[in-house]
Amino acid sequence: MNVTVKYFAVCHEMLDRSEEEMELPEGATVQTILKRLEEEWPEIAEFYEVMQMSVNWEYATENTELAEGDEVALIPPVTGGFDV
Amino acid sequence: MFKITTEVITGAEVREAVEGPDAGAVVLFFGTVRNNTDGRAVRCLEYEAYPPMAEKKMAEIAQEISEKWGIDRVAMVHRVGKLEIGEVSVAVAVASPHRKDGFEACKYAMDRLKQIVPIWKREVWADGEAEWVKPDAVFFDTAKPHKTAPQTD
Amino acid sequence: MFKITTEVITGAEVREAVEGPDAGAVVLFFGTVRNNTDGRAVRCLEYEAYPPMAEKKMAEIAQEISEKWGIDRVAMVHRVGKLEIGEVSVAVAVASPHRKDGFEACKYAMDRLKQIVPIWKREVWADGEAEWVKPDAVFFDTAKPHKTAPQTD
Amino acid sequence: MNVTVKYFAVCHEMLDRSEEEMELPEGATVQTILKRLEEEWPEIAEFYEVMQMSVNWEYATENTELAEGDEVALIPPVTGGFDV
């Protein structure tokens, strides 16, 4: 199946792209994407513990299962609004 | 009205979205770009968002406010792109029959916005360095210049 | 800026009075004229003030806020005369480095304004009756028409 | 001595004037003014318990002593701002 993966802020910068299509095996989860990114750029794994993931605009876990056409995103810690 | 925008935020957009002849108290919050962070001079800020998810999460915050206070008039707008000192990054408006609830709900909206709405801030310092910010600390020091960072003034 | 005015309140006056490049959070409160009070239809409101004392008391509230929160950017304006439904009667703006303090201080300003600032409201009902309001209850039912009350629409 | 006395809102309405000059004996206090008004309009005394007085733009008590040129005001319960 094919999914779209989006990268924002520091992830966008690290991976040097803002989104891509990924072909994944049936039964793939969010974890499948994280592992694939780690192969390409090992440093990104350091940020996994502070990062969240979303599937179709909703926060998801590593175990969330994916389906054809899903929009997945890596969500670094959000810092919108006003500082203090 | 829950919106990510590249336009200047005047406040009128959120205020008009919540005003009505039966809503007497309007509480507004504006976050503006300060000229310093912890004493270090700031040149400008850059905000990036995940617009469809950000607007969805804003609407969820409004739903939480409706459940907690019975207030249905909430509007939020957040600007993205490069913002100069003094410009408004975020505006929240809440209209309510009781002012106490209005203040609480508006504060709650801002608290939640900073927790769950996917928007990120990059500080561009006066000396030209830039970094993505994480809550309470700098998340990541950028070694290479960011694509959209201004390198000169 | 602490002012009693007969002019329309836009909000810009109080906001500009508190904004600055080092103040990131601005909380505003607007009180507007509602079309009903406890379900009874309102035609308009009339406010009367004792301007020099009202402005002095507003400045005292700002001084209290300075002592409690260390916030020095507070502005208050209250309109007097006849106000139509939806018009702003009072606007308060507070700029602060921390949003939590800004919300608290703005709420405090409104609470104190209603306690100590000599301003009075007269409700003109849709049926033409009018009465001065006192906190939590009607203070005085006027038998004779008030000099400045509109008798027809 | 002479003082100015101001009437607002319901007091303005009851007394049918917004201010007046009053000539008072030396040693007069706010109480002196209240008594004089009560002689003219006995009903006003009903409101004294909910009313405040000011002298020169500051809240005062019945016992506040007055001086030449003072500006005194009857302050009905204030109801500015927004209802609730």
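By written order: A, B, C and D. Residues from 1 in each chain.
The criterion applied here is as follows: a residue touches a chain if its C-beta (ideal position, glycine included) is under 8 Å from a C-beta of that chain, and two chains touch if they have at least 3 such contacts.
Just so you know, these numbers come straight off a predicted model, no measurement behind them.
S.K.: Tell me, which chains sit next to both chain A and chain B?
M.R.: Common contact partners of chain A and chain B, which must touch each of the two, are C.
S.K.: Chain C to chain D: how many Å between their CA centres?
M.R.: Each chain's C-alpha centroid was found; their separation is 23 Å.
S.K.: Using Cα averages as centroids, what's the distance between chain A and chain C in whole Å?
M.R.: Here chain A and chain C have centroids separated by 49 Å.
S.K.: CA centre of chain B versus CA centre of chain C: separation in Å?
M.R.: 27
S.K.: Quick one: report the Å distance separating chain A from chain D, using the average Cα coordinate of each chain.
M.R.: 71
S.K.: For chain A, what residues touch not just one other chain but two or more?
M.R.: Residues 82-83 of chain A each touch two or more of the other chains.
S.K.: Provide the list of chain B residues touching at least two other chains, using ranges where the numbers run on.
M.R.: Correct list: 24-25, 29, 31-32, 34, 99, 110.
S.K.: Which word fits the touch map of the chains here: line, ring, star, complete or other?
M.R.: Graph shape, chains as nodes and touching pairs as edges: none of the named types, so other.
S.K.: Which pairs of chains touch each other in this structure?
M.R.: A-B, A-C, B-C, B-D, C-D
S.K.: Across the complex, what residues on chain C touch chain D?
M.R.: Within the complex, chain C touches chain D at residues 29, 31-32, 34, 37, 47-50, 52-54, 56, 78, 89-90, 110, 113-122, 132-135, 139-140, 142, 144, 146-147.
S.K.: Under the stated contact criterion, what part of chain A meets chain B in this complex?
M.R.: Where chain A meets chain B, its residues are 6, 8-10, 12-13, 47, 50, 54, 57-59, 73, 75-83.
S.K.: For the complex, which residues does chain C have touching chain A?
M.R.: Against chain A, the touching part of chain C is residues 24-25, 97-99.
S.K.: Any idea which chain B residues touch chain C in the complex?
M.R.: 11, 15, 19-36, 85-86, 99-100, 102-103, 106-107, 110
S.K.: Spell out the residues on chain A that touch chain C in their complex, using ranges where they run on.
M.R.: Listed in rising order, the residues of chain A that touch chain C are 82-84.
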